[in-house]
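Listed next: structures, encoded as structure tokens.
Next come two complexes, and both contain chain A; in the first it sits with chain B, in the second with chain C.
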Partner chain A sequence: MKLLRNILDNLKPDFEKGGKFPWLHSTFDAFETFAFVPKTTTKNGAHFRDALDMKRTMTMVIVALIPALLFGTYNIGYQHFLSLDPKIGFFDEIWNNLWYGILKVLPIIIVSYVVGLSIEFGFAQWRGHEVNEGFLVTGMLIPLVMPPDVPLWQVAMATAFSVVIGKEVFGGTGMNFLNPALLARAFLFFAFPSSMSGDNVWIAEKADAFSGATPLAEMMAGASIPTHSFMEMLLGVMPGSIGETSAIAILLGAILLLFTGIGSWRIMLSVFVGGAVMGLTFNLFGSNPYTQIPFYYHYVMGGFMFGAVFMATDPVTASQTNRGKWIYGFLIGVMAVLIRVVNPAYPEGMMLSILLLNVFAPLIDYYVVDSNIKKRIKRWKMKGGENV
Partner chain B sequence: MSNIITVKKGFDIKIIGEAENEILTPKVESYAIKPQDYIGLIPKMMVKEGDRVKAGSPIFYAKHNEKILFTSAVSGVVQSIKRGEKRVIEEVIIIPEQTQDYEDFGKESLASMNREDVLEKLLKSGLWTLIRKRPYAIIPNPDSSPKCIIVSGFDSSPLAANYNILLRGKAAEIQLGVDVLKKLTKGNIHVNVSFDKTTCDELLKLQGVEINKFKGQHPVGNISVQIAKLDPINKGESIWYIDAQDLAIIGKLFATGRVEKDRTIALVGNEVKNPRYYSVKLGASIANIVEKNVNKENNIRYISGTVLTGKTISYDGYLGAYDNLVSVITEGDYYEFLGWVLPGFKKFSLYRTFLSGFLNLLPKQKRKPINIDTNLHGGKRALVLTGEYEKVLPLDIYPMQLIKACIIGDIDLMEQLGIYEVDAEDFALCEVIDVSKTDIQQIIRDGLELMRKELGE
Partner chain C sequence: MAGINFKLIKNPLSKENPITVQVLGICSALAVTAKLQPAFVMALSVIVVVVFSNLIISLIRNTIPPRIRIIVQLVIVSLLVILVDQILKAFVYDVSKQLSVFVGLIITNCIVMGRLEAFAMNNKPFDSLLDGIGNGIGYAVILVTLGIIRELFGSGTLWGYNVIPQSFYDMGYQDNSLMIMPPMALILVGIIIWIQRARNKDLCEK
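On to the complex of A and B.
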């Protein structure tokens, strides 16, 4: 490793102020710190620091996404071949399924990362900052919430929109208030509805005769129960966005996030509670078939699970206070089921519900913090302080 | 009378190099007073280089209040007055004489003195500066009075000195010191000790005080945490506090009429060969203490104070005004190949993304001491993770919101969020675990200083 270190040390002056390529400083720095944790030491305050940094934090989330990614890749292949031959079994064409899936998914991932990271590097350079690792996760989340047949140029546009308008205009990772990956999906949903809705986009190159309806679409169309069994939906053997079909694979990721403490258990739990409360309420008072399905069906249909585990828990756009997180997560669950069942226009309520609560998260925090402030003022007044 | 108070949040970090139970008396060749140890102080010199001073002679006074004197710990000659940038006075160095000569402050009995007499004696002898007040952690204005006074009887920081050893044999002086404090306030005198560590009669048998036994992990020893449990500070109120060892110095003054700034300190840290206790005076040079007692010549950091809050000093630097600890740890200026990917068996982390993070789930008695260095372990980033600071901050404060209020300098918001109840040191653990590598203590300190400048004390 000494060799690599020496090469980097030799190159370094070229990228510093007064060197040959000062305009590539952030880029060089990103690659250098990728290879080596820098030798910077503490200057002020605590003299030693925790070994965890942003790179590792974000890497953990990517690792947590791997089960969903692998399953999704395979499932795309399987769904494609299933539409051609409805008798085919899940394990009949393992290599074909996988290969077909890779051919579909890999280009989307590459486009998402190339477009997003170029913009990130550009902005970091322009601001003179280090490149923030936030996009490493966003760049993986975007492909996973895309339908398999989405045109690549649309992925590029959506990524560019979400990074520039969703994040960089506010100052970059940590300053944005909407989840960038969901914003990319929402952008496509409203700008190119034909690529993001209907029965034809959820299976790659689907045979025309085969119904490609997702469970959500079936329910919306008035079915009393989805064609796919609960077990199939739990495992994820159904059409849908690339990474969101398998509740089991997503739960594996959730276990890692909770185990390492990177994901907020408060948010995850409260999203599920919110979904259950709304689902049960519909069971009691609803009249049409959609209101009568068991609440746990909502967990395994569409993007509920993926949203609860990977999207709602984004620390930047979620509520920042612990009490706020309970309210925020609960309302996401409630709104997601409410939009699904009641709104005739959007089959998938999770995306809109999370984006909506992203907008309200600062307000929730405001009231949580305000109660702390009020308590302090009250204590002061009891001691005879004047009005504030 | 004693209360048991439990603090639930917090974390004890165990580090290699705790001091052994043995007190040495080193020969100290120079002493210094460092005005920058006192927050917000602008010194006005009263001596010149070459002047001879006695133990207790004034060296400088505070510009904002000329009654507040800072006095020499030893008799000797003022060797130099070191200035830094913008001619700020950094150190006043005094070379001690063979035989010590003391200023006489009189041995009048405490019973016959009133508050003014006591105040005057404390101010003249310079021992007033051993007392600090919250909010702001500054030397209190002698014309003010606090709602209570806290005697700090333990430290919960990593590698902290053991107060049972520091206070050994000082029972009478501490008791006299308590009696002095009682002249200064109508409120309670709280003596705060550790529930499981404090065993010494010097504190536990004190008369006329309220003894509070605190149970929990760091920062349970911090004054803010204790105040929050005992009697939270409201706007316009103040609380004074003093370290138990410094109280003994005050007691001694009233017993003998002399200023004897004795302080037992601990030399600790993973780079110290034989971590032990040393009996010195305030402002002692550490040169003779660390010489031949550290593992290597270069690439180590000397800190006056704890590894969480102390100041970096050189190997021949001087002990800080309120410190009873010299920590010596490894400098971490090395590159680590793919360091952020490795499983991390030996890394220090409170997060469970490293395998070593799981060791922290053990109860504190079973955790093994670890090695640390000063590497930042990553680059500075915007604040991203939330809900982490709360785990190590046992105060009814929203840390993220307060930090942001300090960054934007909104004094109304800072006040509403409880800035009066905290000090920079309370955020040390938040700073340690911060994934974004933010200098949180500096941010809080700047926020406090802004408040003080805008609103006065």
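On to the complex of A and C.
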């Protein structure tokens, strides 16, 4: 630690004004504050201080993503070998599974980080800002919502699109109104449907004879119940995007997020409540098999769990007020199940429902604040206060 | 008469561009630019309509009673649009079918009405003609640019001919189907506006 500090201190003058590389100041600053909590404090105005700054918060989210990432990596290998030999057991080929998964996932992660960070650094340098830390998490979320076989140039394109159009044009981290990772996925979903949907993309290099349909796709095709059991889907032993399959691994991350207070429990809970309400409504009134599955199946199929824990709770794009968070989360759950069951074109509704509610979040906040103001005016008048 | 006033043609091309600066005519710019050919034909039609309606309105501007001027303008614009529509149907029927309702909607195109109200009603015929040419071309430039980008990346063709070689597809290249959808046209217009404002700081709002 001391050594690193000394190296940074020695290098620092070169990057200040008048040094050798003043134009690289933002880049240097980014690495220095990544390694050490900056000592400077805000001088004026009232601020709530917290021991966690932005970079430390983001690191915590990355830690929360690790279980899903590890399980996803292993599962890719397992699904691949399972498609070649349907009799293989989950623990039969541990190292082969892991190694194969790493070979698939690592390039996607590297491409996502390299492309995204170089754009972030470029923009920060160009504007003379500090480098924003938001991409640390986005760069990890993007690979986790991709299918294992996605071409790398498409990952690069989607990352560039989401960082530039989704974030930088609005002013960088904290200014975006759409979740950048989901925007990257939505971009690929509409731009290159053949590598983002269908039955052939969810298992890496699968054998042709093996059905690679996800539980969502099976339900869509009219099955009365997915071929994977509830337990398998809960554990995540099924084809799907890299990080989304295992509800258990995601819940481990959720516990960390809730324990550290980084993720909002109101949003997570209300997403699940919303999904349950819509699922039960379909059970009552639905006519086809898809509407009749128990509501908790929706939690473990596809990206519902991943979206509820890691996407919907994104503090920038979610509602800010507490009552707004309840409404926001509830509607995400409702819309996700609604799109899944009713819309014939998209098997997965979580991505679209979160993006939709991202757009509505400021409106929800506006009315929550507005109704609070009205209520307080009314109370003021009841106490005999003057007209405002 | 002081000769040709080149500003009338030059300004609408860049700093008074009807689409990127005045943000008019966005609807048709999103709808017809998925392919280059319809975009080009549409641009040509709008040029014809805006030039001639500007000229005609300017010629009769002193005889139009102010209270019914919008109706009079509409009649003349409709007349020109119907003429254009019939000519398209007669000579380029396929393109006319692709453009469908958008040729008829030139009547309500804000660029046409806007130029009539803002310019032709108060200016001499020759100046109005130049203004029409300038604005028409300003609109056409954006439409054709969008058409080229969207068709090249969305379908891999230009004017219906394959441009991207088969070897690219064999290597794993895919057409970007988002390019064919209207939302991407809106994003592209936004990017053009971004580039334009980055180059010309006068256009930025305070």
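Before moving on, here are some points about what is shown:
Please note the rule applied: the second predicted complex is superposed on the first by the 363 of 388 C-alpha atoms of A that agree within 3 Å, B and C clash if a C-alpha of one lies under 4 Å from a C-alpha of the other, contacts with A are read in each partner's own complex, and residues count from 1 in each chain.
Heads up, the rule we're going with is that contacts are C-beta pairs under 8 Å (C-beta built on N, C-alpha and C of every residue); 3 or more make two chains touch, one makes a residue touch a chain.
Owing to the predicted nature of the structure, the values given are computational and were not obtained by experimental measurement.
In the overlay built on the shared chain, the residue A:W380 is in contact with chain B alone; chain C does not reach it. Applying the stated contact rule after C-alpha superposition, one finds that A:S194 touches chain C and leaves chain B untouched.
When the shared chain is aligned, no partner comes close enough to touch A:K87: not chain B, not chain C. Of the two partners chain B and chain C, it is B that touches the larger number of chain A residues. Within chain A, not a single residue is touched by chain B in the first complex and by chain C in the second. Here chain A touches chain C in the complex through residues 151, 153-154, 165, 169, 187, 190-195, going by the rule given at the top.
Of all residues in chain A, those touching chain B in their complex are 1, 4-5, 33, 35-57, 59-60, 130, 132-134, 171-175, 259-262, 264, 266, 315-316, 318, 320-322, 325, 365, 369, 372-373, 375-377, 379-380, 383, 385, 388. Of all the residues in chain C, the ones that touch chain A in their complex are 172, 174, 176-179, 181, 187, 190, 194.
Interface residues of chain B, counted against chain A in their complex, comprise 232, 234-237, 301, 303, 307-310, 312, 327, 329, 331-341, 344, 347-354, 357, 372-387, 390, 396-398, 400-401, 416-418, 424, 428-429, 431-437, 439-442.
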